[in-house]
Every structure is written in structure tokens, then in C-alpha cells.
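Dropping the structures in below, format is C-alpha cells.
Next come two complexes built around chain A: one with chain B, the other with chain C.
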Partner chain A sequence: MNTDSNETTELATLEQTASEELISVMTGLLYPFIAVFGIYIIYNGHDTPGGGFQGGAIMAALFLARFIVAHENDLEVHFVHNLEKFLFALLLIVPGIFVFAGLQIQFPELKIPYLIFMNFLIGMKVALGLTIVVYRFGFFEGR
Partner chain B sequence: MRTVLVSIFVALLFAGVVFLYTVHGETTGVDIASYYIYNFAADTGAGNAVAAIYLNYRMYDTIFEALILLVSIIAMLHFFRAGGSK
Partner chain C sequence: MVELMLLGSMLVLALLALYTGPLRIAVIYFSVFSLICSFLYLYYQAPDVAIAEAVMGSGLITLLYLTALKRYRVYSVCYTNTDFPTVSDREIIEGTRKGELVREIEDFCFARELEPQLVFTPQPVSEVLQSGRHDLIIHQTGDKITIIGNRENYVIDELEMLLVLRYQDLKVLVERYGGSSEYGDDYLPEED
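Up next, the complex of A and B:
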């Protein structure tokens, strides 16, 4: 990240490397907790405060943590972008069938699975979108 | 010249939106609010009134909100060509 480290003294470089390694290791330890918390927020979004947008932002924090730890631009931006477009198409089709076409009146037992599925769609879409933003700004615009 | 026209158009659009927002006299009243509060569980099966509203009663709002995110990312990928973008 720091390109002019050759101008600093060796001691400062050592301290910086040590602190970066500390942050990397501690952030890496947070991966499973962030993932579990995000999935919990999305999965319980129809019953408790939370939902797709909030859980998706937390899941994007997972990729933000990976950006801090790894510093590798191995994200296939166009693949992720196409996946996001596909999720948006599903986001149009599923409520179009279930809510607007009135299927929820015929099948009232599908209401809660519909809510959970929609929250997962929105959450994945928000997470992928914010991940693209973070990676693009972090690697190309933030220098 | 084109920039000036676009600026005038955007300013007029902004003034129009603000004007429409300030002059309209529509109110929904308390009927719809009390309907949502008392019937959302039976209508949608949700335990959370916010989820019931944004995934069922106001589905258009959620769709366009997701569309805004998609469009903003398309715009960002289109305009920020700095670095080795693929």
C-alpha cells in the first residue's frame, strides 16, 4: 500500500509492517463472525429489525475486511456485475409472480419463504454492489 | 452552449420537483397507517411491520431502490476508467 517506504527509516518500516500484520491477522479472525452476523440479520429480517439492505451491508464488510487483509485485486468485476444484474432480474420476477399476480392469496403458506428469499436476494445484491464499489475505489481511485 | 442548456434543464427539473412537493395537498390520513399496523401479520406473514411494508405493500419502492444501486454501480464502472480496468 505504502509505496514510498524506502524513504522512511528501517525501524519505521519494521513497525509499520508489524502493525499491518497485526491488523491483518485480527481482521482475518473476524471473517466468520461477520459472515454469521450478516446471514443472521438477513435470515431474521422478516421477524426482527434488520433485513436485506442492512444484512447486505454487513456482508459487504466481509469483503472490505478481505480487502484490508489480502490487498489482491482478484475480484472478477464483470462477473460480479453480471451476477448482480441477474439478481436484479430475479428481484423483478419473483414479486411480479408472487405479489403483483396475486399468488400469495392462493398459497398463503409460501408467504414466509417468499419474505426470506427476497431478503436473501436483496442482501446478496447489496453486498455484491458495495463490494464492487469498495474494490474499485480501493484499487483504482484511492491512490 | 450544450452545458448551459443541460444546466438550465436540470435546474428547472429541480425547481419543478420542489414545487410539486410543496404544493400538493394529498394526505393519506390515518386509515392506511392503522390498516397496516393491525393487518400486516395476517396479510404478509411477517413479524416485522417494516419488512411487511417494503416486501409486500410497497414492493415498487424496494425494486426501484435496488435499481438505483445497480444504476449507480453501472455509472461508476462506466465513468471511472482509471487504472487497469478490464
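Up next, the complex of A and C:
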């Protein structure tokens, strides 16, 4: 090891940290836009293109951007998994009550809020599900 | 006209993704393919599907593939040197001139969690190649290093960059052979 090779090593690590910083700063700038876009698509899903699934996939990109930048396994995957199960149960219960209890005939003005709420449930479930898939794959499989 | 252009570029990108050797570049081609596919959905007035395709196809799938590629393992690395046929452990630990390169390769593998087995052999490269037992062969003659490996193995590119950056007085050559399972029967490096 001579000083020359040490200098080139420093240069290489410097370049690496610079590119990592570039990615993290750009992702940080994009973060709110991704969130707003995802919420917009879920919120307007019932009468414009988009909906729960598409918006949920965009919201999942929010978590995955964190995965790319931080590369740390600090997400409680078990908690997320349980939350997703709870959302799935809610997803079955809410339409059951709304449709079979006759609420949609009694209160026809509730139809739009109902659709938006269902889209939000679907979106959250899809976002959490995709996040779990990638986190599990990234941190547990094949190690 | 627009439709024809989009369809044509999709065909070209699909073929590129299929026939590109380095897998990371192939994944990027596939991602662009998905993006054009989503444009086409939009053109056919299916914006719903277009959004889903853009997010899933060019976002999440690309990320999953790239994560999977990080799992590409190098199981065994073979190091041959015509000047000194054997390298002892002590020389590697002390980092003398004989063991320096080996140590560099070990550090490189350790940083990427590859955990390969390193093999030193006095055999000529052609015999090592024919045995087909190693994922990566590093051959040194004087100040000339040859790295031999599969075309799809992207570890080679990083190793080449490291060696070129660190040892400017050495000549680094990279030889690649094709196919995922075949071990270059048609390929034999030049013997010095």
C-alpha cells in the first residue's frame, strides 16, 4: 500500500458517498409529490382513472423509496403484516354492513363517501402488501 | 403513426432485454419497455391500466429484479499467478506484494457479502477453464491481470473498476464468455 493507492481509494469512496447523497436528496425531494399523487389517485378513484389499487401501488413506492435510500431494516414487518390483516377484515366487514344492512337504500347520499372510504382501505392494503413483499425479499430471502 | 412507432420500439426493447448479456442493463431495457407499454395503454384510452403498468412494471418490478440481482453469488474464485505459484496465508494477512492482490479481492468480496472460496493453483488457465469449476478466474502474469468470467456476472465489472482505480501500474484485462450454463468450450485465453 503506497500513498498513491490510498488517495485513489479515498477518491472512490468520495464518489460513492456523493452518488448516494444525490439519490437520497432527490428521493427526499420527490417524497411529498409521490404521497400527494398517491392520495389524489385514491381520492378521485371513483370517477377518474385510478383507484385503490393504482394509488396503493404509488403509496408503496413511498416506502420503497425509503428502502432504496436507507437500506435499513427498521420497519416492523410483523406490525405491518398484522395491520394488513386488520385492513382485510375491515374490507370484508364494511361492504357487508353497507350493502346487506340496507344502508345504501336508506342513505343514498352516503354512496360517494362509501366508495372513497373503500378505495382508501384497498389502497392502504395494497401499499402495505407490496411493501411487505419487497422488504421480505430484500432483507430475509436468500441470506 | 404514433402507434406504429410505439409498437416498433416495444419490439426492439423486448429483443434488447432478451439478448443483452449484462443483466442489470437488460433489467433497465425491460423497465423502459414497460414505460412504453403504459404509453400505449394511454393511447388506447385505458388510463387505469396505464397507471398500474407504469407503477408496477417500471417501478416495483425493476426494483425487485435489481434486488434479486444483488443476490448473485460468486461461489468460487480461482487465482493463478505464473510468477509465484503458491501464496501462503501469512503473506495475505501481512499484505506483502505477493499477497496484496489476493487480499484486495478478499476485501472486495467481503464488502459485498459474497463469501466465496478462494483457490490458488499453479495450473495453467486453460486447464482451470476446462474444469469449469470456478465462477471467476483471476490470472496474473507480471503486471498483467486477466479476469475471466461469465458475461452475466456483473461482479466482474465492479472488480475491474476497483483494480483499474487502485493499481494504475497494472494492466487489467477482462475476458467474458457467454451463456449462463456453458463453460466456454469455444473460448481459450492466450497463453503467455
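One rule holds in what follows: the second predicted complex is superposed on the first by the 128 of 143 C-alpha atoms of A that agree within 3 Å, B and C clash if a C-alpha of one lies under 4 Å from a C-alpha of the other, contacts with A are read in each partner's own complex, and residues count from 1 in each chain.
Just so we're on the same page, a residue touches a chain if its C-beta (ideal position, glycine included) is under 8 Å from a C-beta of that chain, and two chains touch if they have at least 3 such contacts.
These figures come from a predicted structure and were not determined experimentally.
Q: For A:49 in the superposed arrangement: first (chain B), second (chain C), both or neither?
A: So A:49 meets both chain B and chain C here.
Q: Tell me the contact category for A:122 with respect to chain B and chain C: first, second, both or neither.
A: A:122 sits against chain B, while chain C stays out of touch.
Q: Is A:100 touching anything from chain B or chain C once the two structures are fitted on A? First, second, both or neither.
A: first
Q: Residues of chain A touched: more by chain B or chain C?
A: Residues of chain A touched, chain B against chain C: more for B.
Q: Looking at A:132 after the superposition, I want to know if it touches chain B, chain C, both of them or none. Which is it: first, second, both, neither?
A: Touch status of A:132: first partner only.
Q: By the touch definition at the top of the document, which applies to A:78: first (chain B), second (chain C), both, or neither?
A: Once the two structures are laid over each other on A, A:78 reaches chain B alone.
Q: For chain A, what residues appear in both contact lists, the one with chain B and the one with chain C?
A: Looking at chain A, the two contact sets intersect at 49, 51, 53, 133, 141.
Q: Name, in rising order, each residue of chain A that touches chain C in their complex.
A: 1, 4-5, 8-9, 11-12, 41, 49-51, 53-54, 57-58, 60-61, 64, 67-68, 130, 133-134, 137-138, 141-142
Q: What residues of chain B sit close enough to touch chain A in their complex?
A: Within the complex, chain B contacts chain A at residues 44-48, 50-52, 54-56, 59, 62-63, 65-67, 69-70, 73-74, 76-77, 80, 82-86.
Q: Applying the document's contact rule, which stretches of chain A touch chain B when the two form their complex?
A: 45-49, 51, 53, 77-78, 81, 84-85, 88, 91-92, 95, 99-100, 104, 108, 111-112, 114-115, 118-119, 122, 125-126, 129, 132-133, 136, 139-141
Q: In their shared complex, at which residues does chain C touch chain A?
A: 47-48, 50-52, 55-56, 59-60, 63-64, 67-68, 71, 95, 100, 162, 165-168
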